[in-house]
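What follows is a pair of complexes built around subunit A, which joins subunit B in one and subunit C in the other.
Up next is the complex of A and B:
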């Protein structure tokens, strides 16, 4: 097991390295305007531009520039081209907002998805099951930015049921204010996933419900409630937990950017949207790495948990 | 509706075609029914999936008919601004855009059927032209994804060894990439600069930029299942026979393996396309996809949001079109999946 984990960790580190290199390559090749021009200001002389180029190291070879950027990312000295503030500090500011959104939404879609999936499975074929199937498909087909903007406007701004956008840290407004501001973003983001989870769970329950060990459990005289809870649901949860790990990583890794911008949460995704609009390469690089880190991390955790549960995977 | 039959192991639907085949029981019985025919029969029974399939075809036809509507019904073009004009509705003149800058709502007549936008352009006409862009991008991107993913999956699964290692690690990296961030970043920087690789130059406002980005980003979701399937298929007897006959690797891949992948491809294609259309809308919404003045549902929603107060039709109309298109593809795709392989488990990321 230890060997598997070490191997997996090395693999994760290599993937991260390649991702960082590719991201830098993309933005080295597609600069979208010379950053030195922009840093030197509108009315700079060629001499001033050259000075900026030297100072920021834009005249250095590709490899050196890549090395410098990576070094600065890890020491926290990475400076934005446009605002000239520290990128890592901005990301640390935005991270609690992004995490608040991702964790809350992920809990909602997990709990609701499992509850609705189980309900559907127990009533397979009935009208309520079909209704939930249609609802799930509608949820999957929703453009999240559209749903979020309409919810924010009609429920927040017009009806005044919720605050219309914005984020209040717990340290400033207290738990309730924070919670009130997050309800709509959580619900909107969770809508996309609830449908998928309920359907995966439903099919999984229907698959396991006829397995031999379930029949044995019933034959032993165990109560139906216990059979469903202990035997069927527990086994049906394995793919759900896997999915949950992957989707959680995806949402942290930039999947929530639309929800963040629509609700003006000022998280990491918002920072990214703002920076890419100005073609500001350092923050774009850093946020892509931030996102890739969580995707790789969650993927790795899922693999390791799987291997812990199933010895066959460890040896392959 | 039964988009998903509640299959149980004893269900005749899930039994292999061979056991359903009457020819096996009685040699004098009519000839065997092929798996494709069986799938078609199952799909035909699924009325809801068929209905949404028809809805999707209607949406495509209306997108194709956009110039007809624009020319003969609405008497305008998608880019014609009419800021200071008035039109007659029910005998009364109405400002297309009011003095306070609020565009007219739906007239439910030929002209300005769904109202006007902030520049006095016809929303219905722009929706139909936007549908062309969305469907073009969705279809082309899904084709790019499918061709590349099947090629990579075939190569990796058939040759194994270092080719598989190379492709699989590449897919690992693509999997680790925050695709939405990558798409936005590429979209924005390419939209300002355009793209030039050697002799190929693509202008910044070209539809090909979002199409290529979306097509590339989706590869990983299909390449992995294809590779897995090829790994299994290549051990089967019919491949061994083909190899013993001296067939070339390329021929085995295209003639023997590829036909066996068709059902997987058919199952994935509508879902990939649905996702491509959603991603295009998201990119355009953030200014990283279709560029103005080309209409797209994403950009229409983006500009509409500033005018939710007074002119909500600007946001609601493109959103409803988008949902209808994606939903019809998703439901039809489900039906295809159930028909081809009632027990398959397919899932795509958002």
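Up next is the complex of A and C:
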């Protein structure tokens, strides 16, 4: 276990290094991405631009620039090219918003996905199963920005049932205000995943239910509930838990960009989208590192949980 | 053998609705199982042995299945029993061992737990008591270091050891009837012999009645008291071990006997098998189902053959062949001093 963790930490460092390097390289090569031009302003003289270049270090070789940026990221001194504020502070401010969204939505899609998938499997072929299949397909194919905009407009703006977007920290508005602001984003983000998860679980259950050990379990004379819970569901959940960990890591790392944007949550994903649009390299680098960290972290946790759920798997 | 049958099966029929048509998996099966008797159910794969066995435990119940006839365990009807009544019998009165020990245990639970689960489903005992019982059971079926092995996972056992675990599980509540559905088919030959010895000892010690399902007549020679030969969903012949081996009445039985692989003789290059296609269970010939593959067909064969005594002096030796007894004895080929027969034309 200790060796596994050490190896994973090394792996994590490598992944973050590679990802950040590639990101930097891409932005370095993008035409029109020269930050000195923009920092110096629209009407700057070539001399002013050159001064900015020297001041910010844009005249240094590629490797030095990359090294400087990485160093500043970890010391917290990284400055945005456009707003010229501290990037790490923006991320620290956005993280609770992103985490609120990710944790709530992930719980909803796990619980609902499993519940609906199990229900569907137990009624496989029946009308209710087919209805849920159609519903899941609709959920899967519904674009988040469209669904989000609709929900925001009709349920938030028109009906006034929910606030139309924005985020209120618990420390400012209390638990209830925070919750009210999160309900729509959670539901919209979870919709896609509920569709996927309920399908995956349904098929897993239908597969597992024909396994020999389930027949053995029935032959033992234990209750049908126990057969379903301890034998069918227990085994069907293994791939779901794996999937969930990976998706959760992605959303936690700021991957739910559309949801964050539509509901104006101003989380890390929102910040990322804004920075990409402005070709603002420092925040892009920092958010990429932030995202990679959570994805790799959750990957490692998934491996540990997977081994705990299935004794045939060894951590190696 | 005691006089009171433990299990009485009468005119059992099982049909499955499928996309291809109605599958008549079990068709008019009747037999008796006495106290501490070993009944071997033998037949080619697809002849309805497993469906018969699983139906006794209600394991074939599904919306597509249709049942007729009756099966009574100590007088209690099984076919029409409620799911809950059946659940109480399963594992307690009737236990079952399945063919493939590699997949019959849940891979994510420790074997001890899986057996404890069965014990506690039926008997109100503490975890510690149940565990002690499991250790004793594991000892009894020949699993070494049972106190440690009880906490192993199935994948930490070999196939033979897993089948012993399955046997221990089946025995955990002292069932009156043990159904073993091809318990050794998936195992290699030496392990097969060990497992069969285990089962024989078991019957001696506990008096459990056993239904041993197999497609291999060779397996049953030193364990079975009675044999039921199944073909195309029907029992075509039943009798004691000696009756079936030394005075077989049905041409299908002759064929089966001819295809026994003998351990005491060199293995033939190709095991003689019964010529012709295994039957479809959807479209079946009228009368005797074996007709299309039988070389002794005559004008009576399209009549429905009851499973009944056709010999006279041997009560309990029943078959479904219309041929006159004398003719049967003339037509089959018995090699001297051997158990069983050689299939016609297959003698090398």
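Everything below uses one rule, namely that the second predicted complex is superposed on the first by the 298 of 316 C-alpha atoms of A that agree within 3 Å, B and C clash if a C-alpha of one lies under 4 Å from a C-alpha of the other, contacts with A are read in each partner's own complex, and residues count from 1 in each chain.
To be clear about the criterion, contacts are C-beta pairs under 8 Å (C-beta built on N, C-alpha and C of every residue); 3 or more make two chains touch, one makes a residue touch a chain.
All of these numbers come straight from a predicted model, not from anything done at the bench.
Of the two partner chains placed by the overlay, neither subunit B nor subunit C lies in contact with A:188. Legend: residue contacts after superposition of the two complexes on their common chain; A:299 is shown touching subunit B, with no touch to subunit C.
By the touch criterion stated above, A:19 is placed in contact with subunit B alone, subunit C being left untouched. After overlaying the two complexes on the shared chain, residue contacts for A:216 are found with subunit C alone; subunit B is out of touch. Look at A:133: by the touch rule set out above, it reaches subunit B but stays clear of subunit C.
By the touch criterion defined above, A:106 lies against neither subunit B nor subunit C after alignment on the C-alpha atoms of chain A.
In the overlay built on the shared chain, the residue A:203 is in contact with subunit B alone; subunit C does not reach it. Residues of subunit B that touch subunit A in their complex: 1-4, 6-9, 172-173, 175-182, 184-186, 188-190, 192-193, 195, 274, 278, 281-282, 285-288, 298, 301, 305, 308-309, 315-316, 319, 322-323, 326-327, 330-331, 334, 345, 347, 349-350. The residues of subunit A lying in touch with subunit B in their complex are 11, 15-16, 18-19, 22-23, 26-27, 30-33, 124-125, 130, 133-134, 137-138, 140-146, 149-150, 153, 192-193, 196, 199-200, 203, 206, 210, 243, 247, 250, 253-255, 257-258, 261, 272-273, 276-277, 279, 284, 287-288, 291-292, 295-296, 299.
Of all residues in subunit C, those touching subunit A in their complex are 57, 59, 83, 87-92, 95-96, 98, 100, 103-109, 117-118, 121-122, 153, 155, 166, 169. Against subunit C, in their complex, subunit A makes its touches with residues 211-213, 215-224, 226, 230-231, 234-235, 238, 309-312.
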